Amino acid sequence: MLEVEGLEASYGPFLVLSGVTLTVRQGEIVALLGPNGSGKTTLIRCIAGLLRPRAGAIRWEGRALGDAPAHTVVERGVAVVPEGRRLFGSMSVEENLALGAFAPRARPGETARLERTYAIFPVLRERRRQLVRALSGGQQQMVAIGRALMADPRLLILDEPSLGLAPRVVESIFGVLGTINRAGVSILLVEQNVHAALGLAHRGYILESGRVATEGEGSALLRDPHVRRAYLGPLAR
Amino acid sequence: MTRAAWLALGGVVVAALALVPRLARSDSLVNFVFLILLAVTLAQSWNIVAGYAGQVNLGHAAFFGLGALTTRTLWIAGTPVLLAMAAGALVATAFALLIGAVAFRLRGAYFAIGTLALGEILRITVGNVLSEISTLPAATIAGYRLADRYYLALALAVVTMGVVALLAHSRAGLGMQAIREDEEAAEASGASALRLKLLAFSLSTALAGLAGGLFAYYHISYYPSHPFGPHWTFDALLMTFIGGVGTLHGPVLGAVFYVFLKEYLAIRWVDFHLLIFGALFIAIVLLLPGGLVEAAARLRALVRRATGSA
Amino acid sequence: MTSLLQQLVLGLLIGGLYGLAAAGLALVFGVLKVLNVAHGQLIMLGGYGAFWLFALAGLDPFASLALVIPGALLLGVLLYLGLFGWVVRAHEETRVKNSLLIGFGLALALDALAVRLWTADERSITTRYAGSVIDLWGISVPLVRLASLVLAVALIGAVHLFLVRTRWGRAIRATAEDWEAALLTGIDVRRAYLLAFAIGTALAGAAGTLVSVGYSVSPSIGLEWTLKALVVVVLAGLGSMPGTFVGGLVLGLAEALAATIFGGPYREMVGLVLFFVVLVARPQGLFTR
């Protein structure tokens, strides 16, 4: 389980996170929401080891995370699907997926896992040799998720997976996330699409100006009037 | 130290240097100091673009060479040497402005290798077109006075130092330093980056051209392509960086240090100084980017702390 | 009176070495974003390595590749750990600038060292078969240079296969494209850097060996070959090993053409002029895809 305690982080002179505390329990889907610039991606970067926090602690399965080099995070069982997907565009679908299994923990059973990934995303099997940059946004998102799954993670972190995707694609991807979760993978989901995220998540946190403003059960947050006004727009029922 | 104190010190140094040809027993000391003065000019002129405008110009020798070529040609043909040198500086600057607008579209390392290529193009061209050694006519050799060259070198070094000192504190100079720190931010704040870079480039190349003219005036015979050789650039780069790029005194320190070491070590092992300087250079880039100037400052601070807390 | 075709063939033969030289530089620049301007000096060292193995141990230069390549790999590892590994800690724009300066210092030091150790004399390896020439439809093709071309192709091919078919090769390509994403995928980017730098140095060493047997080596070839490699990299881009190699061939041919049309001394200019023109025509940087 993931524990973040009092995390503070800055980009240069700007303090982006001013004391964030959250947890992701085993088997949960936790949504992390909030406006642009509230620090969601910064938090993910700290967890992923790409940014050293100024203060606070990050613990994964009881042991500290975030001090070791970034590439060892995957080895600990945490895989990140970054914002904007960050795929290797000049390489094929299969190569991108194969790279997901680069870490030693992911090597045994790599072939079987690849088959399972294609089973989850059949369209990728058809396009396995295509260069990733030739794929549509939704397909690229699938590759990104698939690449993370190839690392056999216990915690999957996604940063804005719905960005730039059509609603139907978002629906199908979120459906997949549900399936993955039911198979035992905990999920931390950073999202702008509050409705879809809270529909999927067990719990949620709302980050504003670098700290947690609200937290609660997914359904409770959906009904919260402040949340509805701020994030679900005038058409929210 | 106050500005006045520095000026006074500078005055004393210049006066002392002016006495060297009078008091020196042999020509070798005069030659030695001449080389230092030439090195100071070369390094300081390179420093203008590197230290103040933040671009590494690896084609500096091209302007040195153009100055030398123009001066030599005009002077041998009968033009008074000062006029010939001025023409040399003009040619160098003209060429700089010609390629500057184009070259400055390149950022960072690309500007460096681009100017290197340009320098080499000029060297090869001159080497092919003027492949024969250039020697002064006998009459000129007979009337050769080392002291003339020396005083010219001294004057040029003083002028160069003056230009850089004025530039550092001028509005243009501060604008340039802003560019050096962060090009995008500087551009946004209104300092027309390209114009300032071209200004720096013009000053730098004009001074390099004058130095080239001095070279042409000093040497009795040399191959016309020699002043275009990249080692002139590399020498300037080494001296400036080791002394402290972007400072006023850095290139002077570096030049003195460099020429000393070069001449001293040349007896035993001709290029040994390059091995030392190469290694020193790496150390400075990695560990002490401010060069000797920074080292001196840190040392002073250390001493102050040690004696202060005593 | 040598025919144009003869010149072109000779140009092609040296072009293969240009390509090999450039491939190493391109690999390092593409992956580490580090411009090692001492690359030519690494080529020089490879050349001297082969020369001394020949002069002192009588080892055939083509055979000595078996020693030079591992030696160069090791040298690459040492240079990375001792020098360039520190440069990569900075972000990209500083990296390129610092690597340029550091490479410069390294180049100077290595040049001076070479002069001290081996004098400024030109050295060339003359084996028993050195003068052999194959006659292909009226064109004389020096056997040694042809063999070098074949070897260069083989080496490029080997590296290409490594990059495309193996796990670490893929990891290196991924690192070149997006090192942060590579980290997120679990790739030890520092190790990828080390590997790429070592391979780049090995390619340089191999190129040097081939240069010493087909042409000559001296302490001054460093800058010359760095410039050649830079020209090819600028012209051909960093896309692929084979692409860079072909760029080398093109440069060789262009030089031969220029020498035939404008005369020998202008051979060197073609590359440099093209270089400057291409650099300026793409001011956004060399290799933004």
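When the chains are written out, they are named A, B and C in that same order, and each has its own residue count from 1.
In this section, a contact is a pair of C-beta atoms (placed from the backbone, for glycine too) under 8 Å apart; a residue touches a chain by one contact, two chains touch by 3 or more.
Everything numeric in this text was worked out from a predicted model, so none of it was measured.
Graph distance from chain B to chain C, where chains that touch are one step apart, equals 1.
More C-beta pairs touch across the B-C interface than across any other pair of chains.
Overall, the chain located most centrally, as judged by its C-alpha mean against the mean of all protein C-alpha atoms, is C.
In terms of the distance between Cα centroids, chain B is separated most widely from A.
In terms of their C-alpha centroids, the spacing between chain B and chain C amounts to 32 Å. Distance from the chain A centre to the chain C centre is 42 Å, each centre being the mean of its Cα atoms.
Averaging Cα coordinates per chain places chain A and chain B 56 Å apart. In chain C, no position touches at least two other chains.
Of all residues in chain C, only 167, 170-171, 173-174, 177-178, 180-190, 289 touch chain A in the complex they form. Residues 56, 102-103, 105-110, 112-114, 116-118, 120-121, 124-125, 127-128, 230, 234, 237-238, 241, 269-275, 277-282, 285-286 of chain B are the ones that touch chain C when the two sit in their complex. Chain C contributes residues 35, 37, 83, 86-87, 93, 96-102, 104-113, 115-116, 223, 227, 230-231, 265-266, 268-269, 272-273, 275-276, 279-280, 283, 285-286 to its touches with chain B in the complex. Across the complex, chain C is touched by residues 48-50, 69-75, 79-80, 82, 86-91, 95, 98-100, 102-103, 106, 147, 151 of chain A.
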